[in-house]
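Below, each structure is written out as structure tokens.
Below, chain A partners chain B and then partners chain C, in two separate complexes.
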Partner chain A sequence: MLETLQHMGNLLSLGNFLVLLLGSVGGIFFGAMPGLSPTMAVALLVPFTFYMDATTGLILLGSVYTSAVAGGAITAVLINIPGAPASIATLLDGHPMAKKGEGQQALYIAFVGSLIGGVCGVLALILLTPPLAAFALSFGPSELFWVSVFGITVIAGLSDGRLIKGLFGGVLGMLISCIGYSPMLGEPRFVFHDTLISGIAMVPALIGLFAIPQVLDLAAEVHLQVTKNKYMPKKGVFWPTVRKFREWWKTVVIGNIVGIIIGIIPGAGGQVAGLINYDQARKMSKHPETFGTGEPEGVVASEVSNNATVGAALIPLLTLGVPGSPTAAVLLGGLLIHGLFPGPELFGKHADITYTFIAGMLVAQFFMCGIGLLFARYSHAIMNIPNLIMMASVVILAVIGTYCVQNNMDDVIVMFALGLLMYLGAKAEFPSAPVVLGVILGPIAEESFLRGKMIAETDVGVFSYFFTGGINLLFIALSVGSLAWGLYGEHSRHRKRQNAQAASAAAA
Partner chain B sequence: MKKAILFCLVLLLGSVAGVAGAADPYPSSPISLIVAYTPGGATDFQARIVSMPAGEERYFGQPIVIVNKPGAGGMTAWNWCVEKGGKDGYTLVSYNMPHLIAQSIVSKPSFTADSFIPVANWGADPAVLIVPKKSPLKNVKEFVEYAKANPGKVTINGAGLYVGHHIATLQLEKAAGIKLTYIPEKGGTDAFQAVYSNKVMAGFNNLADAFRNTDNLNILAIADTKRHEFLPDVPTFQELGYDIDDASVNYRGYCFVKGVSQEAVDKAIKVAPAMFNDPMVVKKMKESGSPLKVMNNVETQKMFNSQKAKLEVLLKDLVKK
Partner chain C sequence: MKAATKEWLCIAGMLGIIAFFYFQLPDEAEAGSSLFPGMMMFLMLGLTAVKAVTELRFPKRDSGKAKEPFPLVRVLVVVLAVILYIAAIEPVGFYLSSLLFFFLVTVAVQTTPRTPRALVTRAGLAFGFVIFLYILFTLLLQVQIPKGILI
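Let's turn to the complex of A and B:
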């Protein structure tokens, strides 16, 4: 801890300070662009750090990582496309808020939430690295499998009371994620056409499922709405909004815990943390029915925990060379290029660089928040864009974002096809979030199950491999609990609705 | 009259343009390098280092832009290059051996090793046999004896299917007469994590990554024909009496798709090896712990041929019908 504080001074050099500022602004932009995920942003910047000294280069990468995870909230709230995969859960309530004209508040909440989560994640990195690094190593195939099962139980919470349709969507998402070569067996699956040979990547699926139905909906309404609401920047809403965080302390605390744990687990990133915590917040809430209709607490839940993963993902990376998230894996390249190899040396021989980097990550959280809030102040400009222009811009963003993930035109076709399918699905009241959840968690569950099964068969057998061990049992218990709670909630809401209907029928 | 002047002008312009076109030596615009893996992976990372000086006059005189086309273990990119990639000399392809050949043999995609013209090789990363630090197996002899006593019970992992680590596992099984259970992981770092934490009993992994992590694991042997400068104390399998050659060594370099103009090939094979030996490239590769091995096009073609011959024998039983 003290070491980090001592190195805080190094950030005050003009060069480092400018890089920190530039990284934060650039990171928010990268995050807000659909398709330019934090992983992509860091990967594209690693070569630029060749020409910088190690400290400056790492400060740049760290600040971009932090801001890009948070910046995704902008597009999620304002135009209903997750700018970064981590902001999927943000749009569930963020966009409804924007539709009600509360986009500015939603973004204030998102960035203040990101700040809290980000700072807690970095504090975990500073204070708890040795015990948490050991914890990261205890996650093998069986543990990861149960974590993903726990994630899947969230479906009930994302289905808006349409449980069967939500489950159907989840299964569909998992099937979509199976397309392409099986990573474990090398067999092509569902490859009916060459376009599908490399499978359906996550980002094109995300963009297609959220952006295209959105555009088609706008198109369907375009003749109805002649005059659009004119939004003006609101004055004096910042402090009342921030003060509400006191009511949400439970969500914030749980969000940090979820984010830090998911962050250190190799193989699961901010998107999983955001969705899990969103569901927890909904279950703990006294008014779960408001979630999905513009509940600020939903935005808090998602943003706190997805930014808490950032610092936490660096814990196993810096100590063991095991990245806790895909973005951290790319950051490893940024360390290696300067001859910094993860391990004890990083905190001994290169302590100067490492602690300055961590201090930079801490300060970057505040830069990110400041820039984000400034942006939120002017977000009305985007909300005032006429629908026709908005539709065209969203389609252009969607195509560019999809194409640049793998430089593959086939992905663009897949994105449009999925979008059209989801539009028709949404007409029949199928929610889109469970499909996305299936796309994200399907591969993690499948691969870790098959890998675990292969290992178990050489050893203790599949049953005892998956059903013994503290972490396995803990996550099984959490999954069962989450499922039971979810089903109970659905049931009681259903009964309440029926009673209400019966009452109104009786009154009539 | 006006028409005649106009005609002459057009003719003149046309001929100037024609002359300019003919005199413009290759390359006159930036070149793309197709990398078959995600940004930030070892191949991408090294490709970016070695391609950095391309813009200098003495090399290509034009920058090389990295284009990532990940998917299906590399097949997406190589298929694309052969089927749809430009043959104008402005699309370089980065190959990974033995992945490219192994996949062309097993999965029968659109490409084979003969679809490509090697330009130059920049890297060679041998596979090493690693075990967790706490493992009771301290050398290859103990490892093989244990595997003989427990056929199929020894788990060994690597970065995926039909990559160098998988090939090395197949070679070890054959050379020592043992049966192992190979666990394909998502990538090299995932495979390391499973070994550190004792989730699997052993692994084949990149030498470059393993030598940085000797705090957490023991390196038993190298699957190459000679010892490596990074690990002078680690024996090769051949020294220990197991017939495992360099078929699994992960070679990386540039190639073109067949059909590219001779002018482009001539230029690239001349400047690429010199560029890989540029002092700045050598320094950055060394600092990042990436083993550099520069080979010209003739040596690279030889390596292609010998790896192909070896892998065809080794993978005979795995070929998909």
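Let's turn to the complex of A and C:
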């Protein structure tokens, strides 16, 4: 902690200040653009940092990373498309709030929540690096497998009244992630076309499954213009919104804990943290039925948690070289091109760079919040853009966003094909979020399962390996609990519907 | 379409997806590489069965509300336009094809009258958007973009 504070002074140079400012503006801009993920933003900037000194380059990457994760809330709230994967849970209540004319509050909540989560994540990075890195190290294949299963059960449980379809979608997403070569044996599977030989990458899947159904919905609703003039910024909204955070302290505290733990676990990422905390907030709420209909606490839950993962994801990265998220993996590239290797050396020989970078991450949270709040006031212009223009722009951005990742048109074709299938699925009331999470978690689940099975067969047996041990049992219990809660919710909704029908029949 | 019929079609679709993946799994695949997909298909089959049982026990009822007719033609026009746009990117180039796509698709599906003023505004917007993309991707980020006939 002291070391970080001591290096705070290094940020006072004009160069570092400008980099923080530009990184925050650019990050929010990238985050707000559907199809331009934080990972892509950081990946595109890594080559530019080669021309800067290591400290400035890392500050730029760190500020873009943190702002892009928060900036994803803008499109999630205003146009129902997560600008970044971490904002998946934000749209569940953020967009309904915007539809009700509360978009300004939703955005203020998102950025203030992101600030709280971001600062706590960086504080965790400063304070908890040694013990939590050791905890994450204890996650073997079986624990990672159960974390993936838990992720799917959580998101399926969020599919209101569509638990089975949500679960089916999650499992289908995992099956889709199997397309291409087997991670362990190298055998091709489900290669229907040469385009699929290298499997389905995360970015085309994410953009296709979210953006294309949205585009086609916009096309169907061209004449409606439901979004027009619903969000006009007003004065005197900020402080009342900030004061409400006192009511949501439980969600904030749990969100930070969830975000930090999930951030440290490699591969899970902000989207999982946001969804888990959203689910927890809904379960703990006195009025869970308001979640999904524009409940501000839902936005708090998602944003606090997903930004808390940013700093936390750097804990295993800086100490062990194990990235906690895909963006942290790209950041690792930023470290390596400057000749910085993760491990004790970073905190010894290169302590000056490392602690200045961590201090920069802390200050970047405040830049992100300030610029985000300013951006939020004027982002209402997005709402007034006609659906037609939005539709054409999103298609073009989705295409270029997908193409840029690997400079490959095949990815664009896969993106559109998945989007088209998801659109048909959405018409049959299949939610898209579980499919996306299945695609993201599928490779982790499969590799962990096969690795675990191999270990188990030479050791204690498959059943004992996967179904014993504290962390395994904890995640199994959480998965079963999540499903049971979802079933209970469906059952009580069904009974309420039946009672309402009986009451209206009696009244008639 | 009735809600219950839609749900049964949905169950048939779920079975169709499982069958599609099942028949694509190579016979000679090693047990390890087909184990995880097999488990997923088995789970999906179980979930389909649960869905069918639920539908038998608690059939979904129509809400009774009148629905607006679905604008199928407009959606199909957009789907076709996106397919043509993706096909045109490499031969025509990203910026030129994006300009044409933006202008043509927005004009084709608009429901308000196509006045000369509206067309000029739309062309201006398309041009402005493409310039923004050029500044962002080519000048600032120096991303490799398909140039097509502009090479």
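Keep this in mind: the second predicted complex is superposed on the first by the 498 of 508 C-alpha atoms of A that agree within 3 Å, B and C clash if a C-alpha of one lies under 4 Å from a C-alpha of the other, contacts with A are read in each partner's own complex, and residues count from 1 in each chain.
What we mean here is this: a residue touches a chain if its C-beta (ideal position, glycine included) is under 8 Å from a C-beta of that chain, and two chains touch if they have at least 3 such contacts.
Quick caveat, the model's predicted, so the values are computed rather than measured.
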{"item": "Partners on chain A (chain B, chain C) - clash or fit", "value": "fit"}
{"item": "Chain B versus chain C as contact partner of A:L123, first or second or both or neither", "value": "neither"}
{"item": "Partner chain in contact with A:I260 - chain B first, chain C second, else both or neither", "value": "neither"}
{"item": "Which superposed partner A:S198 touches (first chain B, second chain C, both, neither)", "value": "first"}
{"item": "Partner chain in contact with A:I371 - chain B first, chain C second, else both or neither", "value": "neither"}
{"item": "Chain B versus chain C as contact partner of A:N407, first or second or both or neither", "value": "both"}
{"item": "Which of chain B and chain C A:I337 touches, first, second, both or neither", "value": "first"}
{"item": "First (chain B), second (chain C), both or neither touched by A:R451", "value": "first"}
{"item": "First, second, both or neither for A:M184, with chain B first and chain C second", "value": "both"}
{"item": "First, second, both or neither for A:L441, with chain B first and chain C second", "value": "neither"}
{"item": "Angle at chain A between chain B and chain C, C-alpha centres, nearest 10 degrees", "value": "80"}
{"item": "Smallest separation in angstrom, by C-alpha atoms, between chain B and chain C in the superposition", "value": "7"}
{"item": "Shared contact residues on chain A - chain B and chain C", "value": "44, 184-185, 188, 407"}
{"item": "Chain A residues touching chain C - in the complex, by the definition given at the top", "value": "44, 164-165, 167-168, 171-172, 174-175, 178, 182, 184-185, 187-190, 192, 215-216, 219-220, 222-223, 388-389, 391-393, 395-396, 399-400, 403-404, 407, 409, 412-413, 416, 420, 428-429, 445-446, 449-450, 453, 494"}
{"item": "Residue ranges of chain B in contact with chain A within the complex", "value": "38-40, 44-45, 48-49, 52, 67-73, 75-76, 79-80, 106-107, 152-155, 160-162, 181, 183-187, 189-190, 192-194, 196-197, 199-200, 209, 212-213, 215-216, 284, 287-290"}
{"item": "Of chain A, residues touching chain B in the complex", "value": "39-40, 42-44, 46-47, 50, 137-141, 180-181, 183-186, 188, 194, 197-199, 201, 266-267, 316, 320-323, 329-333, 336-339, 341-344, 406-408, 447, 451, 454-455, 457-459"}
{"item": "Complex contact set, residues of chain C against chain A", "value": "6, 9-10, 13-14, 17, 21, 24-26, 29-30, 32-37, 40-41, 43-44, 47-48, 50-51, 54, 58, 70-71, 74-75, 77-79, 82-83, 85-86, 89-90, 94, 98, 101-102, 105-106, 109-111, 125-126, 129, 133, 137, 141, 143-146"}
